[in-house]
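Letters A, B, C, D, E and F mark the chains as written, and numbering starts fresh at 1 in each.
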Amino acid sequence: MAAPNNAPTVLDKEQIFGMAEKEMEYRVELFNKLTHTCFNKCVEKKYKESELNMGENSCIDRCVSKYWHVTNLVGQLLGTGRPPM
Amino acid sequence: MEKGMLSADLEGLPEEDKHRMATLIDQLQIRDSLRMYNSLVERCFTDCVDTFQRKSLTKQEDTCVRRCAEKFLKHSMRVGMRFAELNQGAATQE
Amino acid sequence: MAAPNNAPTVLDKEQIFGMAEKEMEYRVELFNKLTHTCFNKCVEKKYKESELNMGENSCIDRCVSKYWHVTNLVGQLLGTGRPPM
Amino acid sequence: MEKGMLSADLEGLPEEDKHRMATLIDQLQIRDSLRMYNSLVERCFTDCVDTFQRKSLTKQEDTCVRRCAEKFLKHSMRVGMRFAELNQGAATQE
Amino acid sequence: MAAPNNAPTVLDKEQIFGMAEKEMEYRVELFNKLTHTCFNKCVEKKYKESELNMGENSCIDRCVSKYWHVTNLVGQLLGTGRPPM
Amino acid sequence: MEKGMLSADLEGLPEEDKHRMATLIDQLQIRDSLRMYNSLVERCFTDCVDTFQRKSLTKQEDTCVRRCAEKFLKHSMRVGMRFAELNQGAATQE
């Protein structure tokens, strides 16, 4: 067991690591949701070929951009004042 | 977050552990609010954005996203109130 | 490394904290699923306005109540004997 | 939970670590069963409840939820058996 | 705080436990996704009875088998060289 | 994974903590890639497999799964690039 006077420091460090972990989890989840959502919106699901065609590519670019705008817009509405992406 | 069924076991714990428990609760709430944020964005994007001719939101999409987010938050608060009442009722019944 | 005679105590404490964490995660997940499910069942997705109307509000109240009943019913069927909500 | 690919690395660990590993497995199983419970409720609610004229379940909804839960559990057990057989087969092939 | 010469050992152990945890989480998630996907593909959702009928049972067996094949196929394509199931 | 908003707080940490942070990042990346793998399998299975007359994949299903996985990976890389550009832009704007 750590000496009592060390305990707060250890806990604060735990808090920093815990926060960093949540922050990274958040970004990973954001990226995953974005990826799946834009795949659903832009990519043809018959899988007639394994390449993305030009229409799909430009749809993906715009989809990512719009998702970014929505993320910022919702962030403003929630008034978090933190960079959400 | 309301009293969990384990809270009884924690009453006797020393200060240090109570502090740790508070930290745990804080961190779960942070994680939860970040997840809520992510899923709100996903929902409103999915429901409101369907044209990909340009890189920024159309006026219509912007309005739709704002209403969607507002509506979802109001909904979420109402659910939270009803949920708390039911938990309250269940706790006093025991 | 902790002295061997301390180890069980530390582990037991880990178990208590671990259990408490799972318990809270469970409640958060229950609340989230309930929220999303009732939004899908009750709220009009055209978003013509940002207010919930009277029909939506009473649907939400009943939806939460029914979800609660289903949670208890499934809990009984699983025979967990624990308060599931 | 079946033998993970890391189990070999754990053979040599002292008692204390084996105990810790057992605790970890227990906790993941608790988390898993709570998640299963949550998703079973969500599924049967979504499939069975569609009227919101009153606060309690109709007789029909009640029956539907019971069958849904029972059916899902039977399904889940069958999948578990097949899954174990495939893992077994893969393990002996190596 | 642990003495500096102990730190690497403790961290390596953390890594082993962390890896084992991820590995188990992966298998649980695989099993859960498989279960839900095959339920969606094979089981009638009207719930006229609580038994699985013969058609559903054989559909489930084949569904699990095919899911296993897809898991292995995708594993090969990703070139992970690890047994994915 | 790009610089998180907490990175500033971590600059001053001793070596041991930096090592721990690196371990944390590694483990989240492992978890993330395993989840991505799981969701890729689920998606391609759901989109491509719809007949259950036999236990192995038909030629058509096999081809469909290969294309689906390849397409999703290309998509995912493209999204990653665009995502990084937007983060870059946001970081320099501040």
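Basically, a residue touches a chain if its C-beta (ideal position, glycine included) is under 8 Å from a C-beta of that chain, and two chains touch if they have at least 3 such contacts.
Nothing here was measured: the structure is a model prediction, and the numbers come from that model.
Repeated interface, listed pairs B-C, A-B or D-E, reference E-F: A-B, with more than half of the contact pairs matching by residue number. Look at the CA centroids: the one farthest from the centroid of subunit A belongs to D. Averaged C-alpha coordinates put the centre of subunit C at 17 Å from the centre of subunit D.
Centre to centre, using the average C-alpha position, subunit C and subunit E are separated by 23 Å.
A separation of 11 Å divides the Cα centre of subunit A from that of subunit F. Annotation for subunit C: residues touching 2 or more other chains are 19, 25, 42, 61, 65. Listed for subunit D are residues 20, 35, 39, 48, 66, 70, each touching two or more other chains.
Of all residues in subunit F, those touching subunit A in their complex are 1-2, 4-6, 9-10, 17, 20-21, 24-25, 28, 32, 35-36, 39, 43, 47-48, 64, 66-68, 70-72, 74-76, 78-80, 82-83, 86-87, 90, 94.
Listed in rising order, the residues of subunit E touching subunit D in the complex are 13, 16-17, 19-21, 23-25, 27-28, 31-32, 34-36, 38-39, 42-43, 45, 47-52, 56-57, 60-61, 64-65, 68, 82-83, 85.
Those residues of subunit D that touch subunit C in the complex are listed here as 16, 19-20, 23, 26-27, 30-31, 34-35, 37-42, 44-46, 48-50, 52-57, 61-62, 65-66, 69-70, 73.
Residues of subunit A touching subunit B in their complex: 4, 7, 11, 14-15, 18-19, 22-23, 25-26, 29-30, 33, 37, 40-42, 58-59, 61-63, 65-67, 69-71, 73-75, 77-78, 80, 84.
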